[in-house]
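Same chain, two partners: chain A is paired with chain B first, then with chain C.
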Partner chain A sequence: MSEGTLDGATAGLSRTTKVRAVQAAVLVSLVVSVEVGPRTGVVGRTTLIPLSVMVEELLGLLGSGQLTPHIVQTFAAVFGAFALAVVTGVPAGIVLWRVDTLKQVLDPYLLIYYAVPFFAFYPLLISILGLGIAPILAISWGFSVVIVVTNTASGLAQIPEAYTAAGRDMNLSRWQMLRYVYLPASVPYVFTGLKLGFVYALIGTIASEFILAESGLGWLISYNYNNFDVPGMYAAMLLVISLALAVNTVLARVESRLYQRAVA
Partner chain B sequence: MSVRAAVVRRMDGIDSVRVGQFLVPVGVLVVWQALVGVTSGVAFAGPAATFSALVGGIEAGWLATGLRRTMTELVVAYVLAVVAGLWIGVALGSSDFWSDVFEPILIGTYSIPKVTLFPMFLFVFQLGMDSKIAFGWFHGVFPVAILTMSAMTTVSDEHLKVARSLRLSRWQTFREVIVPSILPGLVIGLRLGFNLTFLGIVLGEMFAAREGLGYTLVEFIAGGQIDRIMAIIVVLVAVAAVVNVGFFALESRLGARERTADIRM
Partner chain C sequence: MLELRNLSKTYGLGDDRTSTIVALDGIDLTVEEGEFVSIIGPTGCGKSTLFEVIGGLTDATEGRVDIDGDRVDGPDERIGMVFQDHSTFPWLSVIENVAFGLRMNGVSKAERRERAHEMIDLVGLSGFEDASPTELSGGMNQRVAIARTLVMDPDIILMDEPFGALDEQTRLIIGNELLRIWRETGATILFVTHNINEAVQLSDRIAVMSARPGRFKTIVDNDIPRPRDDDTMSTEAFNDLVQRLWTELKSESRKGMEQQEGRTVTAGSEADS
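Let's turn to the complex of A and B:
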């Protein structure tokens, strides 16, 4: 029996290493093919440029400060929309969790919310608010807020009965319950909603800038595309994708740490 | 609270839920109409103006033409996304090792803003329908593949052994053993895949196209034809709602409980 578990453990370890190794190989071959493909002419230079050229172009643009206003614009929109989504979404989620009837009424509509091709509203918002940061903030907020609301509501509903019972035994007031029991216990679940909300705000901002805007990283990609500046376009693309991957990695790390703490 | 009171409350709850669900669209209409009053002077279109733009668009033909174009792209892209996603999901999901390798990679790719990659699709597939179809496919294939892959864990090894001893062909095993086992998880993937394909098509049309509802949406900004923009939005929302309600019915019949609204582009 003990031999069996030992075998299982070492087999599991080497398997994890194997999985990691193959994952690394897949990613490396992807990166290498972006470099080698255009260099050897397998992919036309008008379609794709080598990764090293993209990096060089990106570093040059960053160094010259040409990207700074676009980075500032995009960050302002993403963080602005995300802040709005948190300020409105978390309280709305609490209300939804408290008032069960309201949650039941809205459930099917909340599910269908993300089924709608959301960016169709962007032209409407531009027509009403004019071109600028306002319609981008509005669409990114709208794209982000509902995932915050639904995750806050379902996160609060997942709190173990024992916690609330203990709080009630201590005769905590409603406010104290919320402050000392519900909110701390629901942190990891609510954080999942915030993580997705931030990613959605980022996607919403980049996508709307890409469709129609006056500045921003998404706009820069489409502007460079329309002006046949292929290196500039790929540099901006690389920046946006690296930013998105970095944000995702960091938030996923924090999230798994929060869940571990909740279990411990 | 007495049991009786609890029962009464529960019954009230059910009734008020039904009534409330019915009242939501009514409420939306009322707010929409109220906005017309508030925004008087600013360019805006109320329900009545939108409805007449909708009817006018159908009569004049531009709405029907755009819808036909968008739906053609959507159907082709979706079918291709389902076929490819199912194939990838089943192939990777049949092996624990390969699903462990590719799951984080697929999910990682799923969460980058795919819209930034659209110029590459334009380089390869040009400005016509093909680039929109490829872009829609690219949006839809991930959820189908990811959810198929994770549903493959519900296929029991016993059933696969029986299939092998019955000498079922690969196709027969897929049809008779795998599909029935993964169906509850699969339908969720099919729904999310549809929603994302739809989003990808409309985004693609909005950015670079000469036809289709997405293209028309952006065209009407310059003319300030808000009633027509609203009419297109109504049509798009209706398509999404009808398809999703169909999927919800299918999901509850198949007992797919886990209902996630999470989509990522």
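Let's turn to the complex of A and C:
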């Protein structure tokens, strides 16, 4: 068995290398085509600009400080909504997992939740919460929290019986069981929820800013688009994408630190 | 000394608990200190229920469990359990897994490191302290699980098919390792297995359980001299004992299978009506 595992590991390693190589190739060709496409005229300059120009524009705007208020507003909304989604969603997931009746009642609603077009409610949210950051926070939180709840609940429900039996055998208190067995065991699922939750909060914020804000990166993208400022639009988009990737990377790091897994 | 006195366990079925299943029915057994006793029985005979009751994870409907005359009532530090498989925590390293119970019980860091190291040595995993269980084979993971239980210094160790998920060769090797650990620690072990050869290889006595309701049909002394090595397993005495146990078990296994099939049929007819 151990020899089989070793063989599997070596085969896996070369496979991993191949997969990595293809992934790198896809990324490079993407970067190259975004750079070369507009330069050669294959794609019109009013549609797409070279990546290097986007970066240059972004750095220029960042340096001049013009972006700062928009960044502050958008980051505050995204991180605020995400933080709210975590502090409400994780405990709600724990409750949902613990209280069977509640789960049975809510299951069908949770299932269709993301089928409901959230942004269709924006007039309602404006009339309830007014303009400004409140409706944006509410939409982003609402868009993000449910995926955190469902992943937390299903992650806790999928913990192998053997972990909990071992914990009970060692006479753990209820709190120790939750803190040292259930929560760490559910980390891979909870973090899938957190990673998605962040992206949903970001989508919620940017999309809300398109329609109900007068500043922020979402508003800026839409404003620049309407004013034919293609480089400005792409610079803001690039910043939003970078934010999404950076936070995803950080969350993945935290996850692997909390849940030591064999480094693939 | 572990004493099981007239242990019985009845489960209620369905929402209203009107029908019941008798999982255990009057189990009596005395295990002397330092003894290695195996329990074999057909599928569904209540072996795992028996262990949960002894370990204090489930209450018995009737009867009692005593260690040296002192009643076991809920999870008990005098009893350590090793489970079938995949019970090591993948989010902790090997040494953190082994030290886990000590940490939960407030043992100082220095002391738990020392005791964990000692146990890792004992189960032959020196050098793997900082590895993740996900990097280790199934057999090595079971060694971690054994060390995690041993470190708590229990009087009695309950092992519920601990090698059930391992292939035959690994099972033989780790079985020999378990015997060495047993000798070195002088532990009292109660061991559940499906594997008759394994029971004969390891134990002083072997209890054969009947099909449900679970009772001990017979308890057989294993006089095959120790140490038992690989050659022992090809001796006549070994094979005779295996044969004898299989004869005892065969009719029970058939009954167990019929019960399981019967249950399926009943469930089907209920659904029809």
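The rule is short, and it goes like this: the second predicted complex is superposed on the first by the 217 of 264 C-alpha atoms of A that agree within 3 Å, B and C clash if a C-alpha of one lies under 4 Å from a C-alpha of the other, contacts with A are read in each partner's own complex, and residues count from 1 in each chain.
The rule is simple: a residue touches a chain if its C-beta (ideal position, glycine included) is under 8 Å from a C-beta of that chain, and two chains touch if they have at least 3 such contacts.
Because the structure is predicted, anything quoted here is derived from the model rather than measured.
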Partner chain in contact with A:31 - chain B first, chain C second, else both or neither: neither
When both partners are placed on the shared chain, which of chain B and chain C touches more of chain A: B
First (chain B), second (chain C), both or neither touched by A:123: first
Chain B versus chain C as contact partner of A:165, first or second or both or neither: second
Partner chain in contact with A:157 - chain B first, chain C second, else both or neither: neither
Touching partner for A:250 - first (chain B), second (chain C), both, neither: neither
Touch list for chain B against partner chain A, complex: 13, 16-17, 20-21, 23-24, 39, 42-44, 97, 100-102, 104-105, 108, 111-113, 115-120, 122-124, 191, 195, 198-199, 201-203, 206-207, 213-214, 217-218, 220-221, 224, 226, 229-230, 232-233, 236-237, 240-241, 243-245, 248, 259, 261-265
Touch list for chain A against partner chain C, complex: 1-2, 5, 160, 162-163, 165-166, 168-172, 176, 180-181, 184-185, 187, 258-262
Residues of chain A that touch chain B when the two form their complex: 15, 18-19, 22-23, 26-27, 46-48, 100-102, 104-106, 108-124, 126-128, 146-147, 150, 196, 199-200, 202-203, 206-207, 210-212, 218, 221-222, 225, 233, 236-237, 240-241, 244-245, 248
Parts of chain C lying in touch with chain A, wherever the complex brings them together: 55, 57, 75-77, 79-81, 83-87, 89-93, 100-101, 104-105, 132, 134-135, 137-140, 145, 148-149, 152, 166-167, 169-170
